[in-house]
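My questions all concern the structure below.
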Amino acid sequence: SGADVELAYAGLDTFLKSEPRGVGDVGDVDAAVFGVPYDNAVSNRPGARYGPGAIREASEWWAYISTYKGQLTNMWNGEQVDFDDISVADVGDVPLFPMDVETTAESITAHAATIAEQTFPVMLGGDHYCTFPAFRGFAEGTDHDSVGFVQIDAHTDTVSESPVFGADFHGSSTARIADLPKADYDSVSQVGIRGYESAEYFEFAEDSGIDLYTMRDVEDRGIVSVVRDAVESAAEDTDAVYVTFDIDGVDPSVAPGTGTPVPGGLTARQALLTMSVLGSHDAVGAVDMMEVAPRYDSTEGTERLAAYLLVKLLERKFMV
Amino acid sequence: SGADVELAYAGLDTFLKSEPRGVGDVGDVDAAVFGVPYDNAVSNRPGARYGPGAIREASEWWAYISTYKGQLTNMWNGEQVDFDDISVADVGDVPLFPMDVETTAESITAHAATIAEQTFPVMLGGDHYCTFPAFRGFAEGTDHDSVGFVQIDAHTDTVSESPVFGADFHGSSTARIADLPKADYDSVSQVGIRGYESAEYFEFAEDSGIDLYTMRDVEDRGIVSVVRDAVESAAEDTDAVYVTFDIDGVDPSVAPGTGTPVPGGLTARQALLTMSVLGSHDAVGAVDMMEVAPRYDSTEGTERLAAYLLVKLLERKFMV
Amino acid sequence: SGADVELAYAGLDTFLKSEPRGVGDVGDVDAAVFGVPYDNAVSNRPGARYGPGAIREASEWWAYISTYKGQLTNMWNGEQVDFDDISVADVGDVPLFPMDVETTAESITAHAATIAEQTFPVMLGGDHYCTFPAFRGFAEGTDHDSVGFVQIDAHTDTVSESPVFGADFHGSSTARIADLPKADYDSVSQVGIRGYESAEYFEFAEDSGIDLYTMRDVEDRGIVSVVRDAVESAAEDTDAVYVTFDIDGVDPSVAPGTGTPVPGGLTARQALLTMSVLGSHDAVGAVDMMEVAPRYDSTEGTERLAAYLLVKLLERKFMV
Amino acid sequence: SGADVELAYAGLDTFLKSEPRGVGDVGDVDAAVFGVPYDNAVSNRPGARYGPGAIREASEWWAYISTYKGQLTNMWNGEQVDFDDISVADVGDVPLFPMDVETTAESITAHAATIAEQTFPVMLGGDHYCTFPAFRGFAEGTDHDSVGFVQIDAHTDTVSESPVFGADFHGSSTARIADLPKADYDSVSQVGIRGYESAEYFEFAEDSGIDLYTMRDVEDRGIVSVVRDAVESAAEDTDAVYVTFDIDGVDPSVAPGTGTPVPGGLTARQALLTMSVLGSHDAVGAVDMMEVAPRYDSTEGTERLAAYLLVKLLERKFMV
Amino acid sequence: SGADVELAYAGLDTFLKSEPRGVGDVGDVDAAVFGVPYDNAVSNRPGARYGPGAIREASEWWAYISTYKGQLTNMWNGEQVDFDDISVADVGDVPLFPMDVETTAESITAHAATIAEQTFPVMLGGDHYCTFPAFRGFAEGTDHDSVGFVQIDAHTDTVSESPVFGADFHGSSTARIADLPKADYDSVSQVGIRGYESAEYFEFAEDSGIDLYTMRDVEDRGIVSVVRDAVESAAEDTDAVYVTFDIDGVDPSVAPGTGTPVPGGLTARQALLTMSVLGSHDAVGAVDMMEVAPRYDSTEGTERLAAYLLVKLLERKFMV
Amino acid sequence: SGADVELAYAGLDTFLKSEPRGVGDVGDVDAAVFGVPYDNAVSNRPGARYGPGAIREASEWWAYISTYKGQLTNMWNGEQVDFDDISVADVGDVPLFPMDVETTAESITAHAATIAEQTFPVMLGGDHYCTFPAFRGFAEGTDHDSVGFVQIDAHTDTVSESPVFGADFHGSSTARIADLPKADYDSVSQVGIRGYESAEYFEFAEDSGIDLYTMRDVEDRGIVSVVRDAVESAAEDTDAVYVTFDIDGVDPSVAPGTGTPVPGGLTARQALLTMSVLGSHDAVGAVDMMEVAPRYDSTEGTERLAAYLLVKLLERKFMV
C-alpha cells in the first residue's frame, strides 16, 4: 500500500533507507555503509564533513523508486535490476577526533576492519586521507595477503611528506597505503589524473609500477577500456581490490561540491561507466566515495551523482 | 570517553539524537517526535517538506553539548538543566499522499492519536494545514473532553473557505480546528499576528472568543505577559492545551526560511521566552513547529532557531 | 531610436516581450504562450511553479538582441533569422487550484483548447503532469483525429497508478495521454531516457509501439538522427505532433534547475539540435517546456536554456 | 470564483497586479508606477537594476490576499483597508541609456513629469541617483512652486562633486535636488542617517536648514515622533513633499539586498511606521523606493519589505 | 585627483588598504594587522579560514570613503574622525600548520609577540582557539606583568578538556588563557553569553572571579553600562587589556557568517557601542575579531560588520 | 620549511602570489598583471567588477602547489613545468571612473602601454569593452606597426553603434579595435562564436577578412586545429598578437560566472587546449581574461578556470 512507500525526502536518513545497525552486527547483509565526517586533513576548501549525510539523503531517491516501481530496468542496457536482491545496513558514522589524526585513523581502521570481517564495506567520506585508514582496516579485517587499489581521482595523492601538513593529509593517502605490508604501488591503478603532479611523475609511476591513466588516456582510449585495464592490473597478484572514488575525479562542472576541483575531468556518464566496470569485477571487495563537500554545490548535484555512482557499483555487484 | 560523544554533524539524524522507534512503541518516553514533510497546502512558496529533516539535523547541536558537557546551566536564569532527565523517541515521518489531502490528514491524525495515547507528542512540519489533523489526533488519542489551542503565528489561519484552495489549506487550519467537537474559538489564543487579516477581524475575535495578541500587543505589554495570558486563557475550561508554533511568527530577518513571511515579527529572544512560558505551564500537552522551509535560509538559522524553540519548551517541561 | 530598444532586464515580463493578450484573442498571431505555475504533482523537489515566470524573463534577451540588431544570423548554419517574421502573444497564466488536480487539469485543457483553436500553443510549465491536460486541450481544440507525441525527457512518465500519488502525477502523464481517444503509445516517441524505469520497459515499449531512444541511442547514433526518427515516427499516421520538452532531459550539469534530475543527459548543443530538427518538421503543432524549477540553479542557466530551446524551435518553424 | 483569484506567483508581473498602461494614459488612476532599472551610478555593489522587477513580483502577495479575502483588517490598528479604493496603473520601465547618465536622467525626468501631470507617481529604483531626475520631473510636471523632500536613508547623498564619479552619482542626488529652483536644503528632512558622513555634517545641516534625524535620534525619540517632525518640516513652506525611501535606511539584517549597506538601521517595524506616518500626511505627492538589489538577499526579504512599505504608504493615503 | 581614490572593490586587499609590511617592520605604525586563516579547532561548522580575507575586503569601504571624503563626521555623536590620524600596516597571514595545532599556536604566538613589541596588534581570525596563542604572544611581546581579558562572545570557551577535542580547541581558549602566568580568571570579563554553558557556571564565575555579563544583563542594564564595567574590571590590577570579539556574540540574524551561532545575541548597534566603549579605554592594548566564516552569509553582512567593529574601536583609540 | 609555503587561501591576494609592484617598475619580470574592475559597459548582468579579485584569489592554488611540490609534471603531456622559470609582478588595479567611459579607457590604455613597454602584459577584467583600450595601449606601448587579435568568445563584439549604448560598450570592442591604425579586421580571428549575430555576419567576416571559427567549426575540426589556424592567421603580416579570452567563450555549464552566457560553448578541456596552443605561438605578446563575474557562480568554478587558463598560457610561454 501507499503507506509502505516512503517519499525520497521523508523518513530518517540512511543509505538507501537501509536499516540502522551496530557495527558488529552486519554479518547477514550484503554490504554495510559507514560514514567518516572528517575533513581536517584538507589542503584547500573544507566541507567534506558534510559528505556522509548528504550522500545518504541523496541515495534515498533510489530506495523510493525501487520500492514503488518494484523491479527496475537499467535504461542503458535493458537489464533487469532487483533492489530486493541486495541487503544493506547503515552503521552510522565512525567516532572521530578532529584534533587528533592518529586516533581518528585508528578509529576508522577499527571500524573498517570490523565491517570487512563480516561483509562488503562502503565508506562515505570525508576527506581522502580517510581512505588510508579504511584501506588498512579492510586489509586487516579480511584475511587477504595483498590488496590492490583502484583510485578514481584528479590527484595522485602520493606526497610522502608535506612541509605544511606532514605525512598525513589528503595528499598523502595513496603513499601511506603503498607503505602498508599488504599493499604495493605495483597494485595501484589511478584513473582520471590531470593538472599538475610532482616532478617526473610519469617516470615515478613507471618505476614504482603504478598503472597511471590520465584524462588524456581516457580521452584517447575510452573510459571502459581504461577502467577494465585499471582493475585488471590491480587485481593481478592480489587477493582483492579496494576501490576509492574521489568525487573530484569528475569534472567540476558536474560535481562542483568538493574541496579541490580540477577542470577537465570525467563526465557523469564516464563516471557511471567506471562504476559499472568496477562493479562487474569479482575482485572488488570494498568501495569508498570521498571528498563530497555538498555546500559548494547548491544544486545538490554532487551528492546525487555520488550516491548514484555507489548504487551503480552495487547494482553490478549484487543486483543483476 | 570521546567515542561516546558524537559530533553534532555526525551520525544518523534524529531529533536530539534520540532513538528511532516505531509509532506504537513510545509509551516509556517523555516525548515522541514525528515529522510531516508535506507542503502541498501552501498558498505561496513551497519547501516546508524539508522542515522535519532540517529541524532534526539542527537539534543535534544540543544533543552534542549535553553529552559532552553533562549537566548544563541555562545562561538566562542560571538554572541547572539536565538533558538526562528527558527521554525522547523519534518515530520518523508519517506516511503522506501529496495528491490526496484527506488521506494525508487521516494519516497524520492516526499517528498523532497513537502517540498521544502514550506520551507527549512533538510534530515537525510541514505546512500549517497539518496542525489541524495533528490537533484532531491529539484530541482523539487522549481522553480530554476539550482542548485549548495556543497559536504563535503571523497569520490567523481562520479562512473558512478559499475560492482557490477550498476548505483545506494552510490558511484554514485554525478554522478547521475550531469546528472540531473538542475545540472552540473560545479556547484559542493567537500571538504574534500582524499584517492584514480578513475584514473586521478584531470584531470576529471578540465575538468568537479568540484571545488575540497582535505584535502591537507584544510591543506594548511585553512578550512574557502576553504569552502568560494566552496560555492561561487557552487552559481555562479545557483539559489540555495544544501549542502550535508557526515559524513565521518570528520576524523574517531572524527566520527567513519559511513560505509566507510577514515583516515585523518576534525577535529570537521573544520567541525563546514564549516557549519558556509555555513549557512552564502544566496544561500544555502537545507542541508542533510548522512552516520551516529551510531552503530559503542558506544560513541554516531558521531550522536552528526552530530546534532551539522546541528544546526550550522541553527544557521547561521536563528538564528542570 | 534607443528609446525603442528595451534592455533585456527592463520592462514587463512576457515571453519574448510579446503583447499580453486575452486567451480568446490570439487568432491573428503565429504562436500564443501560456503558463501553468503548478507543481503539486511532483514526487521530489518542488519549484516548477516558478518556471513560467523565469522562462519569460530569460526569453527577453532574444527580444532585446533582435530589436537592437535587427535581422540576425544563426551562427550554427549561417542562415538569416528574422524575428519580425513571427508574431507572438502571451496570455499569462492559466487559473490553477493547487489542492484540486482535476479542476486544475480542466482549466489547463480549456485554455489549451481555446488557444489551439486559434494558433500554435506554447506552454510554459509547471510540472510534467500538466502536459496531459495540455495535450488533451490541443487534441480537443484542433480538429485532428489523432495526435502524435514526442517527449524529450529523462523519465518515461508511464506509471499507470502510483501507490502514493494515484493515477495523476508527474510520473503518469504519458500514460494518461496514451489513454486518450486521439492518442496511442504507437505514436509516442521518447528521447533522452536514462537511469532506471519500470521492469521490462524495453519489452513494454516494443509491445506498445513506443519509439524509445535512450541516452545510449543518442550516444551511438547522434542526436540529429535520433530526433529525426522520433518525430517521423510520431507524425506517421497522425494529423499533428505535440512536442513536450522536460528540461530534465538535459544533463543536470547544464540544467540543474529542475525537480528530479538524472545524471547523464543531453548537452546544451544536443538539446538545441533537438529543437532545430523538431522545429523543421511540419507536423509539429504544439510545444511545451516543463519542469523548470529555477530556484535550484542560482546561475539562471536552466531558464536561459529553456527559453533558448523554445526560441530555436520557433526560429525553425516561423523565422527562416 | 476561484478563477478570478490569481495566485501571488502567477500571472504577468505588475505592481499589485495592476493594469499595464502607457505613460500618457494614467489620468484616471490614483497612482501610477514606473521603474528605473539603472544602477550605473553606484559606488559599490551593482544590482539595483533588478529592483523594479523584484518589487513588482513581491507586491503581488498583497494583490492576492486582497482579492481573495476582500476587504482587509490592518492588524496594527484594527482599521479596515479596502484595496478596491485604490486604482493603480503600471507603466513599465523608463527607457534608459546605461552609458549616458544625462540622457538617462532626461528620460526619467520626462516620464516622471508626464505622470505627475496626471496622478500620484510611484518610482521603483534603481540606484538613488535616479531620485534626482524623478524629483525634477515631479517638480516640473506639477505646478508646485516649491517641493519638500523627505529622505529615509543611511546616507545623506549630499556630495557635491566626487573625484571619481563627478557630480552625478548615487552619493550626490540630494545635492543635485537642492540645486533645483523649486527645492532647497531648507525643505529637506533626512531620517535614519548613520555611519560616517562628510566633515562637519551636523554644522552643514544646521547651516543649510536640513532637518537631520540620525539613528540616534530615532533611538532616543521614537520613529513616529521623528518622522512626524520630518514630514512636517518638509511640508512647511512648500506645496508638496516628495518622499524617497532608500532601502538601506533599513538595517542590513532586515534588508541585505542593497548595494551600500550600513549596520545599525531601522527595523522593519520602524520602517513600516515611517510609511504609515508619511502616507497620512496630505502634503506627500510622490514616493520612490530605491537601491533594492535583490540578488544580495536570497531570502527575497528585501523586495518583500520594499513592496510592503509602498503598500503601507498607499494604504494610508488611499485605502482608509 | 580621482586617480588617487581607489574604489572599495578595487586594488590589492589589505586591511583598510594599508601598506603590506613584514612582521618585523611595524614599529612606526599605530596598529599592525595580521591574519590567522585557521579553523581546524572548531566543533561545528568550518569556514573561519576565510575570515581574514573577507574582513580585509570589507574594510576597504572605510578606506574608500575616508580617502574621497577626507575628514569624516561620526553620525552617532557628531565628532570629527580623521583617518589620517592613524597609520596601519598589514603583515599578511601567519604561517599555519593545519594538522599540527601546537606548531600553529607557536607560530601565532611568535608573530603576535613580535608585533606587540612594536605596536598595537589587531588579529583577524580564524577560529577562537587562536586567541589563546595570540594573547600569549601579546603578554610575551610586551613587558606587562599581567594582562586582562575582555571577551565578547556567545560562549564562555572555558572547557578544560573535551573528550573529543582534548585541551586545545575553540571551546577551551579562555581556560588556556587563564592558565597563563600573566593571566587569571579574576581579570576576565565576558559579555554576551547565552544559551547553555557547563553546570554551575554562575557559581564557577563567581568563585573564579570572572565578570560574567549574560545577554540578560545586557538587556537589563544596557550595553554601554555593562561594557564599561567589563573593561574596568579587566583593567583593574592589570597592565593592559586584550579584547577578543567572537562575532557569534552578535545575533545570528545580524551576523550569520559564523560556525557556532546562538540565537538571542547583540544587535549591530549594541556591538558597535561595545567597541566604542572599549576603544575609549586606555588599557586596551590589543584586539582580535574571530570566528568570521563568511561563506555562511551570502549577503556579506558578517564581514562588513566585523570590519566596522574594528574600525570603530580604532576610531575611538586613534582617530578622535 | 613549512613556514615558507603559504596555503592557497592564506596571505595577501596577488596573481600567483606574485610581488606587488608599481606599474612603472616591471621591466625585470616576465609578465605583469593588472586588473580593470569595471563593468559599466555591459548590456546584461553586471558583476565583472569582481573579476580581477576573484581571479587573483583562485590563481593562488597554483602558487601553493608549485611552492610545496617544487617542479611539476604537466599530466596531459608529461612535460616538466618549472614555476621558478617565470617571474611575475602584480601592479594592482588601474584607476577607473565608472561614470566616464572615455577617461576610464584612457587610464587603461596608459597603464597597458606603460606595462607593454617593459614586459608581457596580462589584464584581468572587467567587461569586454576594456579590451579595446588595453589593445590600444599594447599597440602604443610596443613599437609594433601592426598587431593581430585572437578573440575567444561567444560573441563577435563587432557592433559599430548601438542605439542604447552608443559606440563604446562591451559589444563594440572588436569594432573599435579594428578602427585603430595598427589593427585591421583582416588580422582578427574569432573562436567559439555561437548563438545569433548581426545579419549577414558570415559575409561580413569574409568581406572584412575576419577569420571566423564558430562552435560548429570547433565541433567539426577539433579545437587544436582551429586555434592553430586562428593564431597563425592573426600572426600573418603582423608584428605581434594580442589574445583576448572572454570567459563566455566557455559553456555556461562550466563557467556560469559571467554576464552574457550563451549555451553551447567550449568545454574546460577545449579551453585549456586553446591556451596551450596560443601559449606556444611566439607571436603572442599580450593576453587578457575578461567578463568573469564571480557572483553568478557560487561554486567558484569560473574564476578557478579563468586563472588556470592564464596559467596554462604562461606555462607554455615561459615555463617549459
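Letters A, B, C, D, E and F mark the chains as written, and numbering starts fresh at 1 in each.
Basically, contacts are C-beta pairs under 8 Å (C-beta built on N, C-alpha and C of every residue); 3 or more make two chains touch, one makes a residue touch a chain.
Remember, it's a predicted structure, so these values are computed and weren't measured experimentally.
Participant: In this assembly, which chains make contact with chain E and also with chain F?
Facilitator: Common contact partners of chain E and chain F, which must touch each of the two, are A, D.
Participant: Given the two chain pairs A-C and C-D, which is bridged by the higher number of C-beta pairs in contact?
Facilitator: A-C
Participant: Superimpose the Cα atoms of chain B on the matching ones in chain C and note the rotation angle, 0 to 180, in steps of 5 degrees.
Facilitator: When the C-alpha atoms are superposed, chain B turns by 180 degrees onto chain C.
Participant: Averaging only over C-alpha atoms, locate the centres of chain C and chain E and give their separation in whole Å.
Facilitator: 55
Participant: Please compute the C-alpha centroid of chain C, do the same for chain F, then give the distance between them in whole Å.
Facilitator: Here chain C and chain F have centroids separated by 38 Å.
Participant: Return the residues of chain A touching two or more other chains; collapse runs of consecutive numbers into ranges.
Facilitator: Residues 2, 7, 9, 43, 49, 96-98, 164, 251, 253, 298.
Participant: Touching chain D in the complex: which residues of chain B?
Facilitator: Answer in residue numbers: 43-45, 159, 162-164, 193-202, 214-216, 219, 251-253, 256-257, 261, 263-264, 296-298.
Participant: Write out the stretch or stretches of chain E touching chain D in their complex.
Facilitator: 1-2, 4-5, 7-9, 61-62, 64-66, 68-78, 80-81, 251, 253-254, 268-269, 272, 298-301, 304-305, 308
Participant: With touch defined as at the start, can you tell me which chain A residues reach chain B in the complex?
Facilitator: 2-3, 6-7, 9-14, 20, 35, 37, 49-50, 52-53, 57, 90, 92-93, 95-98, 103, 107, 298
Participant: What residues on chain C touch chain B, complex-wise?
Facilitator: Of all residues in chain C, those touching chain B are 39-43, 46-47, 49, 96-101, 164-166, 168-169, 295.
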